[in-house]
Amino acid sequence: MQADLGFWVLQGLNALQLSMLLFLLSVGLTVIFGLMHFVNLAHGSLYALGAYAAATAGAAIGFWGGLLVAPFAVAALGVVLYLVFIRRMRRAGPMAQVLVTFGLIFVMLDLTRIVWGAQALSAPVPALLDGRLTILGVEYPAYRLFVIALGLAIWGVLALVLGRTQIGAMIRAGVDNDSMAACMGIDVEKMFFLVFCVGCALAGLAGAVAAPLLSVTPDMGLQILIPTLIVIVIGGLGSLKGAIAGSLIYGVVQTFGAVLFPQFASILIYGLLAAVLILRPAGLFPAKG
Amino acid sequence: MLETRNLSKSFGAIHVTRNVSLKLERGERRVILGPNGAGKTTLFNQLVGEITPDEGQVFLAGEDVTALSVQARARRGLSRSYQKNTLFDGLTVEENLGLAASVTHGHWHNIRYDSLTRRDVQDTVREVAEQVRLMPYLHARVSDVSYGVRRQLEVGVALATRPLVLLMDEPTSGVGPEMAKGFHDLLNDLPRDLTLLIIEHDMDLAFAVADSITVLNYGEVVFDGSPEEARGSSLLKDIYLGAWEDA
Amino acid sequence: MFRHTSLRFWALGLIAAAAVLRALTAEYFGVEMVAEIAILAILVIALDMVAGFGGMVSLCHGALMGAGAYAYAMLTVKVGLAPSAAFAGAIAITGAASWLIGAVCGRSHGIYFIMATLAFGQMGYSLVFEQPVFGGDDGVSGVPRIDLSLIGLDLNDPRTFAFACLFVLGLVYWFATHVLQAGLGRTLTGIMHNEQRMRALGVNVWRIKADMFGLSGMIAAAAGALAAQHVMFVSPGLLNWTVSGEALVVVILGGLGTIIGPVIGAIAFVMLKHEVSAHTDYWHLVVGLILIAVVMSRANGIFGWLEQRLSRARPSSARDVIAHQVRKDLAAQGALEDA
Amino acid sequence: MSNFVKAAVAAVIASSAVAQAQAEDIKVGLLLPFSGVYAALGEEIETGFRLGLDTFGEGSGASFEIVREDSEASPPVGLAKTRKLVMQDKVDVMAGVVSSGVLGAIRDVVDGAKVPLIVANAGNDEATGEACSPWITRMSFSNQQVNRPMGKYLVDQGITKVFTIGADYAAGQQMIGAFAEAFKAAGGEIVGQEFTPFQKTQDFGPFLAKAKSSGAQAVYAFYAGGEAISFVKQYDSFGMKDALPLYGAGFLTSQLYVDAQGRAAEGVVTALHYVPTIDNEANRQFVEAFKVKAGHLPSEYAVHGYDAARALVEAVKSGATDRETLGAALQKTSFDGPRGATAIDPATNNIVQPIYVYQIVAGEGGAQTQKVLSQLPAEADPVNGCEMALIN
């Protein structure tokens, strides 16, 4: 085993990088759930769409333009999804919601193929970040450090917004008890809409960030969905703390599992998930109680 | 028949039950009085096991059942009705009673025959339906009958398990004076060997059916005695005229 | 509560007649479709037993079917057991696994239950995919069909095999409706309508859920063992969560909590899929849109809609019950009074 | 396989009357993934196949009717569709098959039904090894064929310590295995080996760190599809290409992915049986025609389709008209195509073709292109337990 410090630093950064990518995805999903009790299986498709939007826009106006455009493009789609599907499904129960968004996965998968074709798109790393930096004696790709920084920044902003602002207090009230929040004069429906759009934008941002790192293919959304769901189930549906904790746990277990116990990497994560479900069925940091 | 010793429970800093010790003899009918928030329903929840007490024990027919689950206590003869209707809404009145009776007769867990059409279950359903005056509604769906009928069914379902001890949480809650009178008759018609513990708001009903009365305030037993003693108690009057009145 | 209404008898009779007619007269692929539909119908009956009568909306039934298929394939190909013994073995193994899943997941409700079952399903998928014993991505080939030459039947004949599948489907339909009308099924329905009350009546809730989930898993395993024989091959894709999602969609398409409805759903789904995929490579898109429309419509699937139109006594729709239950759960979580 | 299964399959086949088509009308069942993960490959192969029929079909005196079926790259679906093609559509010949899993699943059916199948991609070694069939002719490649020559090639380049990494599924193991065996036979040493979960690995970072600290002189990799793109990009981003050159099976930097990989792919050296920059007349014509039809350069997948069609047409031109005569003629396929001299090995029914070692370099206008470094001679695979019977 490689026991030197550099190895641990490097793998630690890898774990953190994966965690932050998953955090960007799961935080939107989990807050939407906390507020609306709605699990959107098509969240992964939104992520894929973000990657496609970033790659397409990026080809025309450069990486940073693409990074900016993607969240708005996906949020715009989120508006459509909200108006056409989500709003009507608010009271339909989890099964119907899961199935509608399940259907959406396949619809969006085929739409991506129709618009962009089945072949992978290119999404180069921006020149500014196309190098490596040395941290604690370890050379690490600058772009990955950017992903880590961006994830931490978003986490900070969300923690601030949710914890310190009035809109954050309203959202927390809504998560806690939506009827009560409505009684207190909060326009809950409008707040749902807002949070849903922000969640979609974050998924789009995650896709845009992932594009230069991974391959932009139609099925990328389907691939990320299960890890994202594992993150929010471990962390506890509906809480920011849960999303970050779940992401970190997943990133660490996945990364170090892959390196140290390659044969058991995915069994490990599912085993952990099963343990959490048995011992704490609502996850480690549930939004309520 | 049913006994508690020093039952205590708190949620955070709020003590909802404090050192509650009760003792009910077989066939005794006791009414629990107390203002809103006195911890009556929480006490019930601890008795049947839906909430675990922090301290103290619950005894049923001499057996310590504190560590037992809700269903285990139920199978030992402890049954309850709820203040808020807790019925099988999509099913018929007959099916509601039948489900309860099929547990009593041990048919709830077989895969060979229909539990609801068994002779013993059907007999129990009829008996209970007559006891709680539900015969005309047997085939109606719960969601289609009136609120009052549902209140009767609430008690009926609890009765259909043929319990030794029946806990009733405000059986007349939300019904008019006419119906409440009906409940009074209904309770008096129940078999005398059935031990009853009733949370009740309606003082007339309480005094009409109770053998004994317990008063809870802020989670503590503040009075324990016969209805006659209760009537004369100044403490009860204070509570009754005080916070109680506003409820 | 499951009841055999006359409409359900009529539907059953019509389906049986149509299936037999088709199995007798259709061309090769038509006969294959009968087998495919019958196998899917068995799976969705298993799912409807727990979802439509216990509110246990499972996203691992595809994995359970896959487990049955793999167990059958492994027992015949690798262990060398006789196919009929392997069939029984597959049902027993999968039933046990399914019982455990039901026991563990039975404690959670609503979306948590869905997620928990999804997790267990994916766990099975990973296990099969990554352990070399199971043949990895390549699966296991050369899976034999049961030898019924003793009673003069050759299951290798597509028509005979289709009839065998229909026979098993009939058996499963009888078994499922029988269990649902027995104490276990009645109690489970009670739990779906009001779990708290059922517990207060003395019912060991997790046990009922686990038992029904186990039985359902056994039926799913039968579907899997038939699927393995049908294609004479098993691969990990069978266990993927999208198969479970599809099965759930089929149940909704046909009518949750009606048993006969999901069978109709299976017929509609398979025919729709073949019809649309003959015209476009983007058939996922078309089928997806149709399914979304069905789920979003208020009707309880094809059969639920029929029942509503044709029968005077409207049976309670399991879909409504589950949706209602969720509202109550949510309200309870927020410590709210019912409006 | 047990005799029972063989008998079973034969019975399945026999139960449907086999009718042969008219002499001049050849019915082709094209089984490819048109939806799902491998849809891009299905499209490439179909385009190549139709181009091949258009190019060579004229003057063959036959008309070709294509019945296309979507295998969804799923073995059960592929099998069901194969049975439909064989039993109901009664095709004279089948072509296609991308995934080895599908090929493994349908092998017994085509063999039992005696329907010739021209494999246009799936490369699992067994299909032309222990599970070979006179009815299955492979016009694409075998996993070992592409990788074996690289073992000696790397040692010849002075590289003796290699870290291997590949996707954890049958093809990955066969490709890496064939390389490792040849590499060790030539005197090289494998200092580390890693198989990553197939289609589930998003982040190769953890594995790359391991490779870096393994003391190897080079890394040898096999990935395809999205994983190939992610892997090459991430390999580059960790700055490993300079210290630890990347070699691999040519699918890693296939024409299909190289645009998406961009500059990250530059410098990677891999071996494959086809790249669009192969210098011969047949290839120039093919590349031109394909570009007109598809709008982009052909990949190895396109050439599989193209050559499969050509093999079929040649068989028809030699007088074959039905399943049996087509099958017999396909076993004798031999022509000079875009990949150079290609022929079917009578011992295994696998294609024998040259292997090209190529490097990705920056071409004109900044787009990446393939520079052929070396053409390794065509070499037939070992027979590996294949007992081939000639149909005629």
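A few comments on the model shown:
By written order: A, B, C and D. Residues from 1 in each chain.
We take it that a residue touches a chain if its C-beta (ideal position, glycine included) is under 8 Å from a C-beta of that chain, and two chains touch if they have at least 3 such contacts.
Composition by chain, UniProt nomenclature: A = Amino acid/amide ABC transporter membrane protein 1, HAAT family; B = Amino acid/amide ABC transporter ATP-binding protein 1, HAAT family; C = Amino acid/amide ABC transporter membrane protein 2, HAAT family.
Owing to the predicted nature of the structure, the values given are computational and were not obtained by experimental measurement.
Of the two chain pairs shown, A-C and C-D, the one joined by more C-beta contacts is A-C. When every chain is represented by the mean of its C-alpha atoms, the one lying closest to the mean of all protein C-alpha atoms is C. Centre to centre, using the average C-alpha position, chain A and chain C are separated by 32 Å. Between chain C and chain D, the centres computed from C-alpha atoms are 38 Å apart. Centre-to-centre spacing of chain B and chain D amounts to 75 Å, using the average Cα coordinate of each chain. Averaged C-alpha coordinates give centres for chain A and chain B that are 49 Å from one another. In chain C, 130, 282, 284 are the positions where the chain touches two or more neighbouring chains simultaneously. Across the assembly, chain D contributes residues 35, 39, 197 that each touch 2 or more other chains. By the definition given earlier, chain contacts exist for A-C, A-D, B-C, C-D. Interface residues of chain A facing chain C in the complex, by the touch rule stated above, are 33, 37, 39, 85, 88-89, 91-96, 98-100, 102-107, 109-111, 113-114, 176-180, 226, 229-230, 233, 237, 263, 266-267, 270-271, 273-274, 277-278, 281-282, 288-289. The part of chain D that touches chain C in the complex is made up of residues 1-2, 4-5, 7-9, 11-12, 15-16, 34-35, 39, 70, 74-76, 79-80, 83-84, 87-88, 100-101, 104-105, 107-108, 124, 168-170, 197-198.
Only residues 48, 50, 69-72, 74-75, 79-80, 82, 84, 86-91, 95, 98-100, 102-104, 107-116, 141, 157-158, 161 of chain B touch chain C when the two sit together in their complex. Chain contact summary for the complex, chain C toward chain A: residues 51, 57, 59, 104-105, 107-108, 110-112, 114-116, 118-120, 122-123, 126-127, 130, 241, 245, 248-249, 252, 282, 284-285, 287-289, 291-292, 295-296, 319, 322-323, 325-327, 330-331, 333-336. Per the touch definition, chain C reaches chain B in the complex via residues 1, 178-179, 181-187, 189-190, 193-194, 196-205, 207-208, 211, 215, 316, 320-321, 324, 337-338.
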